[in-house]
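Right after this note come the structures.
Note that chain A is present in both complexes that follow, paired respectively with chain B and with chain C.
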Partner chain A sequence: MKILVSLKRTADPDNANKVKVAPGGAKIVTDGLEPKVNPFDEYAVETALRLVENGKTRIAGDTVVVASFGPKEAATNIRQSLAMGADSGLLFTTDDDSLDGDLVARALAKVVEAQKPDLVILGKQAVDGDSNQVAQVLAETLGWPSATFAMSVNLSADKKTVTVGREVDGGVVKLTLTLPAVISVDLRIVGAKAVTNNVTPAAFAYNDGPRFAPLPMIIKAKTKPIAEAPLASLGVDTGLKVRYTGFELPAARKAGIKVKDVADLVERLRTDAKAL
Partner chain B sequence: MQSYLFETEEHSALRAQVRRFAAREIAPHANEWEEAEEFPRDLYARAAEAGVLGVGYPESYGGGGGDLSHVVVACEEMILAGRSVGTCVGLGSHGIAIPPILRVGTEAQRQRFAAPVIRGEKISALAITEPGGGSDVANLRTRAERDGDHYVINGSKTFITSGVRADLVTVAVRTGGPGHGGLSLIVVERGTEGFSVGRKLKKMGWWASDTAELVFENCRVPAANLIGDENAGFIAIVMNFAIERVFLAAQCVAIATLAYQESIAYARERQAFGKSLTGFQVVRHKLAEMATRIAAARALTGEVVTRCLRDGDGPALAGLAAMAKNTATDACSFVCDEAVQVHGGYGYMREYLVERLYRDARLYPIGGGTREIMNEIVCKTEGY
Partner chain C sequence: MTTDANPLLSDRDVDFLLFEVHDAASLCALPAFADHDRGTFELTVQTVRRLARDVFFPALRDTDAAPPALRDGAVALHPKMRAMFEALAEAGVLSATRPASVGGQSLPALVATAANAYLCAGNASGAGLAMLTTEAAHLIESFGSDELRARYMHDLYAGRSTGTMCLTEPHAGSSLGDITTKATPRADGTYNLTGSKIFISGGEHDLTENIIHLVLARIAGAPEGSRGVSLFCVPKLRPDGDALVDNDVRCAGVLHKIGWRALPSVALNLGEGDDCRGWLVGTAGRGLAHMFQMMNAARIGVGASAAAVAYAAYQESLRYALTRPQGRALSGRDAQGPQVAIVEHADVRRMLLRQKAIAEGALSLVLAAARQSDLAEHGADEAQRARARRLLDLLTPVAKSFPAEKGFEANALAVQVHGGYGYTSEYLPELWMRDQKLNSIHEGTSGIQGLDLLGRKVVAGGGEALAAWSEEVTLTVTRARAAGVSAAWCDALDGVVAEVGALTIELAARGLAGDVDGMLSHSADYLDLFSTACVAWQWMLQATAAQRAKGAGRDEAFYEGKLRAAQYWFATEVPRVALLARLCREAEDSYLRMAPEAF
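So, the complex of A and B:
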């Protein structure tokens, strides 16, 4: 079993309130914010690792490869996934500004052709642009089955199919995909028992959330390979199809009001908010 | 930049992990645990599981590897992101209790006493200070008399961090004659007959960590629990002190940094006379002075760490570690005092973090060797 996970670095999402808009609204300014792994991509790494484990031990022969597109510094973010347990990294260098969802998806398709993974797992979207395109465009480009916003993944015992749970209005839809396939994951995928592979005992529960990388793994990650090559080496058209025409900050929130009681609340909802 | 000069990408990766642990597991409960004067016992296991507790300990005993530099940055993130100094120091009491066991204990003792603590299964404490004397270590009075294959211990210890809940205590005892040549270290386990917790002490700060008075009355401990050779305990105690002082200096740098960050945030937000506090030069200069003292303390603390890693933690380190501790404790006391001042009336209120940090800070010129003892050490190493 070989799993490819894609990773994007985003400006520190915990300090999103420090993001500024450049004068004239030409672009978003994230100066001074530490680039961190997109949280949904971290969940994708966690998902991949759980699929290649028997509880706390790795299944021999299974591998997790992490690919990223961006400046050389993105190697730091890849290494973080290696410290979590991924086996190797691929970094295709380019400017952060020279990428869009379409290009990343087409470039990833080339990576898939070369790496031949059984499964590609991505975060459902990056928390900076919130574009939510790469998994869908990648699956279309490859002609592979896909399931987006996975909240649960079950790998069959014969490793030929995955059954993906997706939260929809009123319940959960389960889709069974024949591998190779593309999955994008949502927040609930890192729940204690959201990922199952018919190897890890059913009683085994993971800790909620992506795992902590202990110091020995951090040290070991330094010796794991990260292959670096220019994005252009993949032979994709590097032209951008997505154009941003302007940015503006949302209007500052106004202070709320305090209501006396339920009757007052209903009255306000009817007269002021016109919600009833 | 809030980091040490010795840091590498590895340290920043470790910081990120510890920060995430502390922000998730400690910060949401910080006030509650400080007010309750206790944190849940299972935090030890969770910290071990996340790889936080074992930083700096060999992997062969369940630790996470790494050295003093890793312990220092992990400790800093625990305080910055956890926002409860009491919890961090309680959780970290093994940092002084376990090193002597690893340093001079036998392999069997390391596996039996140290490993379960590093795995977060047991709580450990170090007991040196006595009601009758703290600084004067060479004259401590708790006696351990050899009786066949046991020692019979009589005496008491006080100000013992984590002592109330400790499963095992590394105790300094007198096995020989007067002076430093008659001291030994011995591990006393909870439940040993004659060993009891006298009382849980009420403190000015560090509320979330329990502090105990321990009593030994004809307490029979197997001779196999003696750590190192009989009457050779003083050197182990002293070596341990030097490292403890580096930890304490690093805690001071972290606490001061936290108080400084809180002050900047408050000064930016708080309005007076039609502008924010940062609009007043008098406040900006206060902040600048705080930042400068922290930078100086961080530089010296970092130098001790670097020298320790380069030259080993021999006697030459003791003087510099003492200087670093005094520099960092002074910086911390100054910064926390100014932080309360910047916060004005709110700084005096329990609901504000700086009020608590101010109380926590007062421990440091006393614990782990007083400021005055530090100066005595400097005098000795300087040769006058």
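So, the complex of A and C:
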């Protein structure tokens, strides 16, 4: 079993309130914010690791490869995944600004051709652009089955299919995909029992959330390979389809008002908010 | 974490202090740290800060609200203390700074101290228990027999047991040379211990099966005073064949405390039934000297915890000040207009900037000391190691006491910024203020640190440590001038270095002439003076880094904030040096003349 996970670095999402728009709206300014792994991508790494584990031990022969596109410094973010337990990394260097969802998806398709994974797992979206496109475009480009917004994944005992619980407006849809396939994951995938592989005993519960990189693994991760190559070496057209014409902040929220009683509330919902 | 949650420490600042001010990456050139690079440091800090935010901090209010009690001789810890401790052990934090030969990661103390500061800010009690365990193991690693190392060290580093330091006795706190716990040799080479210890942190709990006490005691017939004190390893359960049996260590009571409430501080009776076995650690009569390895590490640890607790409260009050609307601008005409956030008021900004100057200055000072401890142990050659040892010895009492003393003031300001709400337990600043108070008491009170600094450290070796310190600070000023830092600040710090040198020579001469009061009666003022100077040095280092980085179009506000905090320190604190020096020099005698009956 070989799993490919893609990874994007985003300006520290814990401090997203410090993101500013440059004067004139030409760009987003993320000064002083540490680039961290996109949280949904971290969940993707966690999902992949749970699929190749028997509880606390690794299943021999299974591998998790992490790929990222970005500047050389993104190697640090790849290394974090290696410290969590991934086996190797691929970094295709380019500027953060020279990428869009379409290019990443097409580049990933090339990586898939070379790596031949059984499964590609991605975060459902990056928390900076919130585009939510790469998994879909990738699956389409490859012609592979795909399931987005996964909140549960079950890998069959014969490793030929995965059954994915997808979070949709009305509830949960279950899809069974034949491998190779593409999955994008949502927050709930890192629940204690959301990922099952018919190897880890049913009684075993993971900690909620993506795992910490334990200190001993951080040093070990230094010896795991990260292959670096320019993005262009993949032989993709590096032209962008998405062009940003300007940025502006959403209008500041107006202060709330206090209503007298329920009747007043209903009246205001009807007349002011026109919600009823 | 939601976007406006308290980050405990600012990640940008920790990054700045580690890599732009204290040059953590340069340590990787030393063989001991060769396995590391900036990336491993960053990832380590990332793991630990996440533990602090996800596990430690969310438990802070709960663990404070329900302190453990003694029931039938047993003390049940808050379940969240278990969660914290197990998470730390699993992440390998307990042995992080130790070499691979004992299962550690050879992490520099500089990086470990910065990382652990997040834990202290998130939950000082939880971090305290970890520190005790690590340092107890380290004592056994350094001085224990092979038998003790095999039996206890690995369990401690792995978090399967916890450790304590048993120094204090009811009649001997500051004055450890007066302890009376007795060790009587037995035929098999072990000792029978009898005596009472008090305030022992983590001295009893149900977290791990065994607790490994490191106990100071006096071997029968040993000389009076500190020369007669030896160090013993006294497990709660001792081996008996293949089994573990009770070792007659009784918990006689749990103290009710105003802070650090999750970590039980207990009274222990050793050998009530005359069946408490101890194993000698290191050399008989060298107990206090051996224990100083743990005490010195703990002093830096206490300083780090104090800086962190001040820092977290500063962050909390900053968030409050940015969002709490109250009053209008003094210059504003519009009495009917909307209220402004309190951060707009000059006095609130003063309180915030003072907290920032104290907390970030204190953290930088503690990291400077930690860096010297790395060089003292692992420096490139003996000359570098010896110089670092001197600097570390000199900085230790300051790095321990300044964050505690001024940190408490900062913590009170965080309460103040919150107004009436700050005085309620609905808000966290009161909790951090209570936790902070301990830091000027345990591991040697501030009074003891002042005596240690003036009576011992600055005069040691003919003042060689102070000479090294003056060199360091002068070099900092030279670099600051080159970087274009305010000449007025540079001149002021040069003046302070000269004043510290001249004053110390004067006071030392009095001591040599037998005038002990003339030398030491203002040891607290001297400590205050020297601390103010050390923190001015730290702000000069930070201002230099900020000045260099400024203007590149990146993080302008961050660097500007550093320069304003430095300005504040030079404008409001550095001038106090003159007054403090005068008090020391004149040996101003108001309190010396106060006979007890005159109070």
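We adopt the following convention: the second predicted complex is superposed on the first by the 275 of 276 C-alpha atoms of A that agree within 3 Å, B and C clash if a C-alpha of one lies under 4 Å from a C-alpha of the other, contacts with A are read in each partner's own complex, and residues count from 1 in each chain.
What we mean here is this: a residue touches a chain if its C-beta (ideal position, glycine included) is under 8 Å from a C-beta of that chain, and two chains touch if they have at least 3 such contacts.
Computed from a prediction, not measured in an experiment: that's the story for all the values here.
In the model built by aligning both structures on chain A, chain B clashes with chain C. Judged by the touch definition given at the top, the superposed model places A:Asp31 against chain C, while chain B stays out of reach. Within the superposed three-chain model, A:Asp12 lies in touch with chain C and out of touch with chain B [touch as defined at top]. Once the two complexes are overlaid on the shared chain, A:Ala83 sits against chain B and chain C alike.
Applying the stated contact rule after C-alpha superposition, one finds that A:Pro214 touches each of chain B and chain C.
Measured by the number of chain A residues touched, the leading partner among chain B and chain C is C.
After the shared chain A is superposed, the part of chain C among 63-71, 477-485, 549-557 or 585-593 that runs into chain B is 63-71, by C-alpha clashes. Overlap of the chain B and chain C interfaces on chain A: residues 76, 79-80, 83, 209, 212-216, 218-219, 221-222. Of all the residues in chain A, the ones that touch chain C in their complex are 12, 14-17, 31-34, 75-76, 79-80, 83, 209, 212-216, 218-219, 221-222. Taken in their complex, chain B has these residues touching chain A: 9-10, 13-14, 16-17, 20-21, 24, 49-52, 54-55, 59, 64-66, 70. Chain contact summary for the complex, chain C toward chain A: residues 1, 3-5, 7, 11-12, 15, 35-37, 39-40, 42-44, 46-47, 50-51, 54, 87, 90-93, 96, 105, 107, 554-558. Residues 76, 79-80, 83, 207, 209, 212-219, 221-222 of chain A are the ones that touch chain B when the two sit in their complex.
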